[in-house]
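First the structure, then my questions, so here it is.
Labels A, B and C are assigned to the chains in the order they are written; within every chain, residues are numbered from 1.
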Amino acid sequence: MNSIPIEYYLILSAFMFTVGVTGVLIRRNAIVIFMCVELMLNSANLTMVAFSSYLGQSAGQIFVFFVMTVAAAEAAVGLAIIIAIFRNKLTVNIDEINIFKW
Amino acid sequence: MDASLLTENLSYILPEIVISAALIIIVLFDLIFHNDKRIIPYLAVAGLAVAGFFIIDQFSFEGSAFATSSSANNFGMITVDNFGSFFKLFVVCVSILIVFFSFSSEEIQKTFDRLGEYYALIFGMILGMIILVSASDLILIYLALELLSLSSYVLAGFTKLRDRNSEASLKYLIFGGVSSGLMLFGISIIYGMTGTTNLYLINPLLQAPNLNLITVSFAMILIFTGIGYKISSAPFHFWTPDVYEGAPIVITAFLSVASKAAGFALLIRLIKTTFVTFTSPDGYWQLINAFDWQALLIIISIFTMTLGNFTALWQNNLKRMLAYSSIAHAGYLLLGLVVMSDQGLTAILIYFVFYALMNLGAFYIIMLIANKTGSEEIDDYTGLGSAAPFLGVSLAIFLVSLTGLPPTAGFIGKLYIFIALVDAKMIAVAIIALLNTVVSLYYYVRVLKHMYLQKSDSPKDAILPSTGQILFILILLVPTLLFGVYFTPIVTFAKNSISLLGF
Amino acid sequence: MENSQLLTYLLFTPIVGSLIILFIKPDQEKLIRWMGVFISGVAFVISMIIYVAFDSSNPAFQFIHKVLWIESLNVSYHVGIDGISLLLVMLTTFLTPLTLISSWKGITKQVKMFTFSMLFLQAGMLGVFIALDMFLFYVFWEVMLIPMYFIIGVWGGVERIYAAVKFFIYTMFGSLLMLVAIIWLAVYASEPLGYFTTNLLELYQVGPTIPNEIQYYMFMAFFFSFAIKVPLFPLHTWLPDAHVQAPTAGSVILAGVLLKMGTYGLLRFNLPLFPQSSVHFAPFISILAVIGIIYGALVAMVQSDMKKLVAYSSVSHLGFVVLGIFAFTTESLQGAVIQMVNHGLSTGALFLLVGFIYERTHNREISYYGGLAKLVPFFAFALLFTSLSSIGLPGLNGFIGEFLILVGSFQSQVLDSWWFTIFAASGVIFAAVYLLWMYERVVFGKVTNPKLEGLTDLDAREMFVLIPIFILIVWIGIYPSTFLDISDTSVKTILDNVINNTYNFFS
């Protein structure tokens, strides 16, 4: 069953994580930044599930369910806030949302 | 899990249950009786009071609840001990003050029709915080942290009166999302290395000889990112000034005191249960070699307070200045943890009590003045000493206390931190902290200078606080002065509250 | 008189008094002014009672009153005095009512807050001089900063805000360093003693046993804090600003009492707690003191502003005091103590006189004046008398102090060099030059400035302020034993302690 070694999963999740962090740092669109944050969360989820399966334990998979719920809540809150900003500014580019200096 | 065990476990989380019930009642009440919103704050206070009662009740016992079947020694997800109870009580007391705080806030009163949502979100934060301070399982820690964060993102932009509200909210959200993502990745690594998410079970596993220390360090730094963001320590502080300036003042005050305290409680519990092997008789903690917390925290705390203090020097908005000052105070508080001893922990608890008094006081007065003048700019404080004598004198005392001059409570807080540092023979660090205090003197005194020494060009309207507002200020002001000269009860209380389960 | 609570009464008189004043309506200025004078007068009477009951032959601290204050830190409310503190306490209680009276004309706005600040300041100063617990000492030391900040900042001159902030930050920096040293000392002492204490008398036992390499650091931390307050060259830069910008009453208290807290701290803490380091650093500190004497005098010479001139003369005079302290002979220490009192009286009087004339003309430039002898003879005489006292004319007070210090430093085994004495003595000559030169330009000659016509002489109130000071100036000059006897035993105790702990220096 464990035909694919755990390292493969870990490398993939590390790659996803890096993509997520890089995206947060270089992208300027608030929605894309959000997607990158989701990518980070999902890479952690992947690690967790992989380890859970590798160790033969359920705790990691339970954790993933919670994380998915939280991610959904975060996305809801985040999109609501972005909409609130878009109504005022007609932009979601964070360089233009700059009453305070970043 | 049989019924008697469940009842016993539930009895450990009575305060959390009460807060959750209060949250639900507030939401339902808001839906059903939407014409009687005036009652909601009183419901909130009642809920907090009942929760406070159960927390005080918990001071007498220790225990661990909701152990999973796989965990040995019965260490569960929730830990009840004096340390956790202290912070729960702290959060609840601050929240009660915040409810009264909200009464006088014009920003909140302007959104009166959404008062139910407001208190529901506040209770979401409270619930997050009190679970956070007693959680001993990484899953629960993550959930509590997110509950706290999600509620505060919304509250930061709650009023939507000005553009800056939403902007504060967005910045808080982005930084929060990123740091919780980093933290989660760190947690997943720790889970993979140890096979458990329980802090108590991680402890012995970290002592294993063949552990890859670089991976542990990497994971711990990632986890610290999430906590560092909550306590707004540098270099994770970037959101702090913007959010503090943009959010309604009530929320700013709440974030700067309660949310920071919860973050600190988490950090302390994480270090102590996961990394400490035993406490030596003179109160020093022996740490597992897996990760050098002390070095990390020394650098972070010095960096944090220096950055906070120096950046505060050229702030012209008082809220923003206090944001940087709160960053600096996070640095001072971290110093209490740097020494890794019971003395240091006592100093942190003492400092938090005093910090809550003076910081809430300062924010409250700034809010009263902003209600009247609509501005938090320091130039608008010119000549305020004569226009609002009571507010002026009170703000002066709170600021003097934040500086840490006797005979105010702030001095005692700093004194205990310094004693802990000197006792740990970290005199160089103490001297850096002292130089920072001198720097901080400058910007606090700058406010006094504007209020009392400079003459305003145009005569100011007098600002007369109402009786209730004066009473609220006195509740904060009298202890600030009183604890400056007689602080034995607080010290005794703090000394009794440093015990964590198992250590 | 053991266990007497007189000191507590003395300390709480101004505190209670200032609280009473808070409850008087601000527009009743006359009542507030009289209340202030009355309260500080009561404090003076209490200090006289203490003086009468004081046993100057007893080397121990007297009138000790000790109540456990904070159990968790073992801190007590612990007060007591020896001869040195008694002299300074009397100086404080003597000068405060006089400065309050002197400010009746100069301070016209916010009289209530001014009187409140002055009384609060007095309580802080008295607390510093009588505290025998380091924690208590530190609290009073810091508490004093806030009223002084407001006195300079609210009622001061044009540049008052800059001066007030500078004063605050300089002093705060020094005192925080002292705080760390206090904690360090107490933590260090908790090992030999077995418990944590900030009781000065118990720490006296531990201090000399600290190994040198640690003691040096502690000594420097305390010294730095006190040196800023004294102020010792090169830490004096806050002083001209603060003195010049402060209102007259502020300057008098600043020069008369606050600066003495630095030298008092050296005598009370550095010498008994760290005798080895004191002797070790004595030459270095004495060099700074001598530089201060000459530098202060030379800078004073070129000042065009009278108040600035007096301010820099303080730097010079306090240099004498520090030299006297670190020469470690009975004469020099006695001289230093009496010179503290002298400087309080002479420089206080000089500031008062400059203040009185400033209230009339609103100008302090020396070149503005000339020929005052004809216009205001009493003022001219008072200025001459005070200047001569400050210069150190035999028969007046300044002579006694400076003479004792010079003789003492000449014999000093620790300094072991004549050069200190020679350079310091040149400071006396410079003092004569700058003060008499100023006097000549202000008082003699023809009246060149038409605006000076119609200048009024000192009135009864001003005379009333000056005459008690003049009486003391003559008294110390002619019969100094009255005052020297008070501090004699205490000075010898301090000196013996230093010698016993560092006998290899004195063999």
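Please note the rule applied: contacts are C-beta pairs under 8 Å (C-beta built on N, C-alpha and C of every residue); 3 or more make two chains touch, one makes a residue touch a chain.
No experiment lies behind these values; they were computed from the predicted model shown.
Most remote chain with respect to chain A, judged by CA-atom centres, is C. Measuring from the average of all protein CA coordinates, the nearest chain centre is that of B. For this pair, chain B with chain C, the centres built from the Cα atoms lie 45 Å apart.
Chain centres here are Cα averages; for chain A and chain C they lie 66 Å apart. Each chain gets one centre point, the mean of its Cα atoms, and the points for chain A and chain B are 26 Å apart.
Multi-chain contact residues of chain A, defined as those touching 2 or more other chains: none present. On the chain C side of its complex with chain B, the touching residues are 69-73, 138-139, 142-143, 145-146, 149-150, 153-154, 160-161, 164-165, 168-169, 172-173, 176-177, 179-180, 183-184, 187, 217.
Partner chain A is touched in their complex by these residues of chain B: 68, 70, 138-139, 142-143, 146, 150, 153-154, 157, 160, 163-164, 166-171, 173-174, 177-178, 180-182, 184-185, 187-189, 191-192, 195-197, 238, 241-242, 245-246. Looking at the complex, you find that chain B touches chain C at residues 400, 405-407, 411, 415, 418-419, 422-423, 427, 430-431, 434-435, 437-438, 441-442, 445-446, 448-449, 452-454, 486-488, 491-492, 495. On the side of chain A, the complex with chain B involves touching residues 10, 13, 17, 20-21, 24, 30, 33-34, 37, 40-41, 43-45, 47-48, 50-51, 54-55, 57, 59-60, 62-63, 66-67, 70, 73-74, 77-78, 80-82, 84-85, 88-89, 94, 97, 99-100, 102.
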